[in-house]
Structure formats: C-alpha cells, structure tokens
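Scroll down for the structure; my scribbles are underneath it.
Lettered A, B, C and D in written order, each chain numbered from 1.
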Amino acid sequence: MEKIMIKNYEEPELNSPIFIGGLPGIGNVGKITADYFIDNLKMKKIADIYSEFLPPQVFIYNNVIHLVRESLYYKKTGKKHDLIFLTGDFQGTTQEGQYELSYSTLELLKKYEVSTIYTLGGYSVGKIVDNPRVLGAVTDKKLIKPLASKGVVFPEGEPAGGIVGSAGLILGMGTEMFSIPGACFMGETSGYFADPKSARAIITVLSKVLKTRINLKDIDEKTKQLEEITEKMRQEAKNKSSKDDLGYFG
Amino acid sequence: MEKIMIKNYEEPELNSPIFIGGLPGIGNVGKITADYFIDNLKMKKIADIYSEFLPPQVFIYNNVIHLVRESLYYKKTGKKHDLIFLTGDFQGTTQEGQYELSYSTLELLKKYEVSTIYTLGGYSVGKIVDNPRVLGAVTDKKLIKPLASKGVVFPEGEPAGGIVGSAGLILGMGTEMFSIPGACFMGETSGYFADPKSARAIITVLSKVLKTRINLKDIDEKTKQLEEITEKMRQEAKNKSSKDDLGYFG
Amino acid sequence: MEKIMIKNYEEPELNSPIFIGGLPGIGNVGKITADYFIDNLKMKKIADIYSEFLPPQVFIYNNVIHLVRESLYYKKTGKKHDLIFLTGDFQGTTQEGQYELSYSTLELLKKYEVSTIYTLGGYSVGKIVDNPRVLGAVTDKKLIKPLASKGVVFPEGEPAGGIVGSAGLILGMGTEMFSIPGACFMGETSGYFADPKSARAIITVLSKVLKTRINLKDIDEKTKQLEEITEKMRQEAKNKSSKDDLGYFG
Amino acid sequence: MEKIMIKNYEEPELNSPIFIGGLPGIGNVGKITADYFIDNLKMKKIADIYSEFLPPQVFIYNNVIHLVRESLYYKKTGKKHDLIFLTGDFQGTTQEGQYELSYSTLELLKKYEVSTIYTLGGYSVGKIVDNPRVLGAVTDKKLIKPLASKGVVFPEGEPAGGIVGSAGLILGMGTEMFSIPGACFMGETSGYFADPKSARAIITVLSKVLKTRINLKDIDEKTKQLEEITEKMRQEAKNKSSKDDLGYFG
C-alpha cells in the first residue's frame, strides 16, 4: 500500500487560501480550535488522509466503524483569502510519520497556491492559567507585527524547547521546501486535560487574523464547564494546600 | 526482499465469497474461531503469506521447522456465497505491519470479488464471563438489523476505545479503499487466557450468519475443560475472597 | 544508500556447496563454531555484507577502525560438496533487518546452487551443562535420520518456543522461498556467557556431517579454561548453597 | 518526501578538500569544535540537510522558527587542501538514520573529491579530566604516525567499545565504500555536560593537523567558566567526600 493514501472528495477553486493546521496535541488545543472553525463555518471536505503512520485503529461511533484519519476542509469566504483547515484523529505516531504526513499535506495543497500557513497548538505551562495568552512564532519576521496587533504575543526565548510535532514541521517545511511563510499560534494551557479555554483564546485571535465571524457560544459553554470543574479542584486544592502547603493549582 | 511474500497454492473459482478474518489477538478468540471453521469444514489453502512484519521466528512441530505466516483458506459451499478464511501465527507486530498486511490481504482477494467481510476478535471485559455475548460493529448500517437477528449484540458506546489491530483495519480499509461492507464480531472474554468459550459464542452466531453447519463437539470439549479450570479458580478465589474480600472473579 | 551493501572479494567456482550460517546469538555458540571452521580450514572471503540493519557502530582493533559487518567465506574441499560459511559481528537488530539480511544472503548465494543449509546456534537451558547435546530441527524430514546417525539429537517438543533470529529464518526462507533443505544445530548452553564447550559439541558433530577434519586443540583449550572458571563458580555456589540452599548451578 | 532532502546554497570549486565531521554527541565535543572552526574561519554554507531521520522538531530563535538540520560549510585555504565542515542540530536518531545520513553526506561530497576525512567526538571517561587527551583511531595505518606527531594519542585497546554513531560510520563507510582514508579525534570528557575544555584540546590538535590558525580566545573563556564551575563542584564534593568518602570527582 501507499504509506499515505488520499481520498479526494472535491477539488474546489480557491482564492489565495490561508492554510490552518490543527491536529491533536498538548491540551488538544489545536484540534479543538480547528474543529470549531470547521463546524461553525460549515466547511466542506476536500480529502481524507489515511496512513500507516497513524495508529492501526478504528473508532466506533453508533456501532459504525471509523478508520482513523486526518482531513482537509475548505471555506470560500468571498474575500481575498479562502480558508483550508486540517484536522484529524491523530498526528503521525513516529518521527518518520510526522515528517511524511506534514510534507504530504503541503504537497497535496500545492495546487491551491496557499498564501500563508498558520498552525495551532498548546503551550504547556504546567499549571492552570486564568487568562491564557496566545504565543506566536513565525517563519517570516514580517508576520510578527501584524499578528502582534491582533493579540498574538511574541515573548523572548519562549517556548524554550522549540515545537515538537506537526505544528512546527508544517511551518518549517512550509518555508524551507515550499517557500510559504507562516506562523504558529500556541495557546497557554496546563497540559493536563483537553483545554477549551486555551482553544477559546486562539479562536478569538485567529478569527481576527482570518477576518471571520465566529459564534463563541458553544466554546463559551465548554469553557464555563471546565472553569466550574477547575474552580472546584482549586478550592479542594486550596483546602488541602492550607494544610499541606501545596501550590499545584497556583 | 518483498516486505510481504505470497506463496499461492490454488486460485479457485469462487461464488461471491464472504471473507472472514480471524487472527491471534485478545483471548485468541478470532484465531480459535477461524481455525475451527477451517478444520471443521475441511477448507483448502489458497495462499501462505510470509512477511518481515511478522516476528523473525520459526516454530518447530515434530522436529520440522515452520516459518511463521498467515494463511488463506477457501470453502465452496454450493450456495450463494463461498467462504474465504484468514488465519495466522501472528498479526503484524508494528503499526506499519498491521496496515500493510491488512491491505495486502484485501488486495490479494480483489480477484475473488468478496461480497462481505467479517472479522473476529475478543472483547476484553476484565473478568470471567459465564455467557459471553457477541458484540458487533459494522461499516454499513444496513448490516446491523440482519446480524442482530442472528444474535449479534449492538450496544451503545461499546467498545469505547474502538478496535486496535487487524480486525478493525481490515474492515476500515475494506470499506474506505475497497468499498466492501462488513462487520466485526467480538466475543466477550476475560482476556486473561485463550478463551474457547468466547470463541464458541462466535462460532454459534457466525455459523448462523454464514448458514453453515458446524459440529460443536470439539469446541464444547475445550470449553468444558476451561470451565472446570475456571470453576476451580473461582472456588479458590471465593475461599480466599471470603477471607480477603477480593472480587476478582466476580 | 542500499539497505544492504555487498562488497565482493571473489566469486569462486564451487561444487554443490553446503552453506553453514553461524552468527552471534545465545552463548555465541553459532559464531564461535563458524569462526573456528573458517580459521581452521583457512577459508577465503567471498564477500562482506554491510547494512543499516546492523548497529551504527565501528570496532577498533589496534587503532584501526572496522565497520561492523557479516562475511561469507568458502572452502574448496575437493569432495562432493564445497563449503560456504557465514559469520558476522551482529545479527540484524530489528525484525525487518533479520528478514532482509537472511533473505539477501540466500539470494547472494543463489548462483552457487547451495545443496543444503545448516545453521548453528545455542539452546539456552538456564544452567551449566556438563555434556551439552546438539539438538536438531530440519526443514526436510529426510534429513533427520542421517543427522541423527552423526550424533544430532531430535527430542520431542524441543525447543518449545521455536527458534528466533537468523538460524531459524535462513532455514525457513531457505525451504519456502529457495527450495533448499536444511537443518539447525543447537548446542545446549547455559546462555549466561560465550560458551566454547557448547560450540565444541557442535564442531564435533558438524565436522562429521561435513566430513572435514578439524583440529580441536584450540577449542579444547578454551573449553578447559571455561571449565576451570565454572568449576570455581560451582564450588563457590556450592559453599554458598550449603548455607543458603541456592541451586543455581545445579 | 525524500527521506533526506538537500538544500544547496553554493557549489564551490575546492582544492582536494579535507572533510571534518562534528555532530552533537558525547560532551557535545564534536559539534563545539566544528562550530568553532566554522565561526572562526568565517566559513560559507554549501548545503542544509533536512531529514525524517532527525527529530520532528523546530527550534525558535528570536521568535523565528528553525527547522532542525545538518549543514555543510567550506573554507578556501589557498593551500594544498581546502576544508569542508559538517555540523548539525542532531545526529540521526535511529540506526537506519545514522547510516543513511552518513552515507548521503559522503555521496553529496563525492564531487569535491575529498582527500581525507576527520571526524570529531568525545570519549567519555566518567570523571572530570584536568588535561584531556585527544585519542585517535584511523582507517589507514599510514595516518597514525603523522597524527601522533601533532599530539593525537593512540593507546592500545582504547576505546574498548568502538565508536557508536556518525563519527565512526562516516569513517567506516568512507573507507569501505568511498575509499577515502581518515581518522577520528576523540577528546576525553567526563560525558556529564557540554565540555568546551575537551573541545579545546581537539581544536588545538586539529588546527595543527589542518595547518590553520585558530584564535583560542573564545574557547578559552568558555573553558575558564567551566573550570570555575567544576572547581566549585570539586570543592563541594571534597567537603562532602571528607565526610562521606565519595570519590566521584576524583
């Protein structure tokens, strides 16, 4: 078999599209954000990507088997830039798989002449954050100023370890091998659980960058639920902390 | 070498065959079931499949070396659907191997124009089950009703984690890449040992689905032996439990 | 690079050669035996085999770097069967590597029209053996009787777990894919250290099978050294055992 | 994608160049040395090497994303031998990757007709060394004498385990497959941290071998900093040792 198998659904005519990648990862922030845009803007599917670089696994939804995959969706905006989103069940599970899947996606998108790439991810800070910032990193210095003006933060020396996985590779290979500039949006997150609050921070910034109107109602609800849970945990931790001097949820 | 090497024995003319896959896995339920049908219906070999995706190992039976393999067998039923069974010494041992072996098998069977795929496996419930159910999952919703009428159970939200390995992949790729509908039969099993009782439950259901007559004498014997062993364990556990309050075999 | 790179030294005309494989493994028995024949019969090199399936490592002998490899040697016997020996620094370190290296070696030898394959290995019995037997397993039943007459033992149900690695694969693929019959010679060994005594047992049997005269002086010396060491260990263990009731070297 | 992707910057005409490889490894000695020469001699870039054999990672320098890579630089010396240096963010992370990257680099350099290869690495001795020696190993015995005259030490039986990784492979494959002689320079190092002192020892020797003038000011500074730190550690260890009898920094 081909190591990566593309199943095409539609080949739309797109206007200088922006490509946004949001795969599962730290706090699942990238995937939550991408899925939210895909649902909210009622995007249409371009292709499913099956691969032996993904786990040898199927999910079962309502007794029906779903072979794990990554998927590309598009949205015609009627403006200067149409949109292409990448979401998926998994990132590649091996080093080789990470490179091959990222490269294949960029190659598959070549015909659409992508103008800019944004990738989405979580930035683990190891504690619950009340107001998560959205950190940025770019492959073209010119992108820093316009993104900063929309609320992306560019701190010195962060993240120290770089970026591991598709959010970094798609940008790195995007610039080096496909000459497409881009940026990574990293939402601060504890990293302990799927984090809609961090995703909400990215959604807010990204909708400004993409000039799209996104209804925040659903993500607000999920965020509220999470906040109630973490508030409870915080209280319990506080009670415990007053005895044991633990600052875990500080 | 080719990563997968096929040794063909016969290329029979088959009538719209049903393909049933039963490889080693949880409780060895799939393999026990497949081997039982192959022996009981005196099937003939189509091909042996050797591969570097299998362990680098040979077995020794009566001082004679047997290179590990998967094998395909067929049975002419004289009815609407002939049968093809897959059994084997191992599943692919890597993620890549799982995909490649499942895909290759489907490709090898293309010429037979398989009408439906059934895969067999165990569903680990973590305790000994008196009357194991046979759970189902399908790739085509239309299969649920007829299979349910033969005794396959379709519970909501089970199995929660999906299916890992060939039983899922053969179906997932079967539908997505070969457009063949199918279903997975999962026999409930403790998962602690090779489980003929769980296999017996599948054999009973599958023989109805396939409209074949299977002599249950041998599997009944093995099941009885297992029951005697587990009954003993249960008694011992009970004796122990009355002292230690352990509910392990509950 | 090619995953396996052959460096040819000579392409001798050989008379219906017997191919003997002795790579590192349990007790290093196979390699010790093969190297002993190669040295003792002053064999000439056919080829070196370099591969990314071997460790990414060089050895240093007298300040000179030696890239790890496997090597093929030959001996013209002047009799019915010439000899080809395989030795090496390592076996393939991955499952894929085991298959690929074994297959490549068989393919490389195709032009010599090998008549029979013998592979050599250790059979770990977990304790020190005074008179190690040489166990056999064959790919053609006809080989059992003549080999038994030279001292190879064919016990029922041993070794239970089959054979892992090149000693098994070369035979399994030799028969299934190259139609060359063969046998494995397994010297009983504790498996705790390189075991010249077990190798000596194979050398004795193999020299009968191959109808070669092998000077046993050097291996006798090494065996004696080992026996002195193990005798010391045995005494110490005995002294300890009389206090602690340990039967480790029993 | 190609498993190794070369991005060429310049294809200089070079005079019988010497190729020096210094990738990350024990004590980071090889990379520190190579980077020091590249900076100090203001070398120009020949090529970047991207590969799925490197980690799926990007670094971030001043908010700009840097896809991990290995890089080749050259220096026209105006003398008999020009220079080519290899540095990089990582060595290949798998066995296969080690072989493939080393081989590809040698193949890429074929057109330059490299005369000699030197590779650089650390030799871990497990304790802090006051005056690290530079140990040598060669692929051509003729190189021992001239290198020894420049201060390279060729002790008997060291290093016992050979060399693992690119420093060994580039030389081993350089001689076996490309017929280029060479030597490895191994600076003694504790192996506990990046060790500029060990690198300094190699820089001194290598600049003699290459007949280049290297300003040692920067490396002297780093070495001094390290020495102050290790002196402090030594004192603390001594204080502790006088109580606990630990000889760790002996």
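One rule holds in what follows: a contact is a pair of C-beta atoms (placed from the backbone, for glycine too) under 8 Å apart; a residue touches a chain by one contact, two chains touch by 3 or more.
All values derive from a computational prediction rather than experimental measurement.
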### Query
Once the Cα atoms of subunit A and subunit D are superposed, what angle does the rotation have, between 0 and 180 degrees and to the nearest 5?
90
### Query
Roughly how many whole angstrom separate the Cα centroids of subunit B and subunit C?
38
### Task
Go ahead and note the Å separation of the Cα centroids belonging to subunit B and subunit D.
54
### Summary
Multi-partner residues in subunit B (2 or more other chains touched) are none
### Query
In graph terms, with chains as vertices and touches as edges, which category applies: line, ring, star, complete, or other?
ring
### Query
In their complex, what parts of subunit A are in touch with subunit B?
1, 3, 5, 7, 48, 50-60, 62-68, 93-94
### Complex contacts: residues of subunit C adjacent to subunit B
92, 95-96, 98-100, 102-104, 107, 136-139, 141, 144, 154, 156, 158-159, 162-166, 168-169, 171-173, 175-177, 184
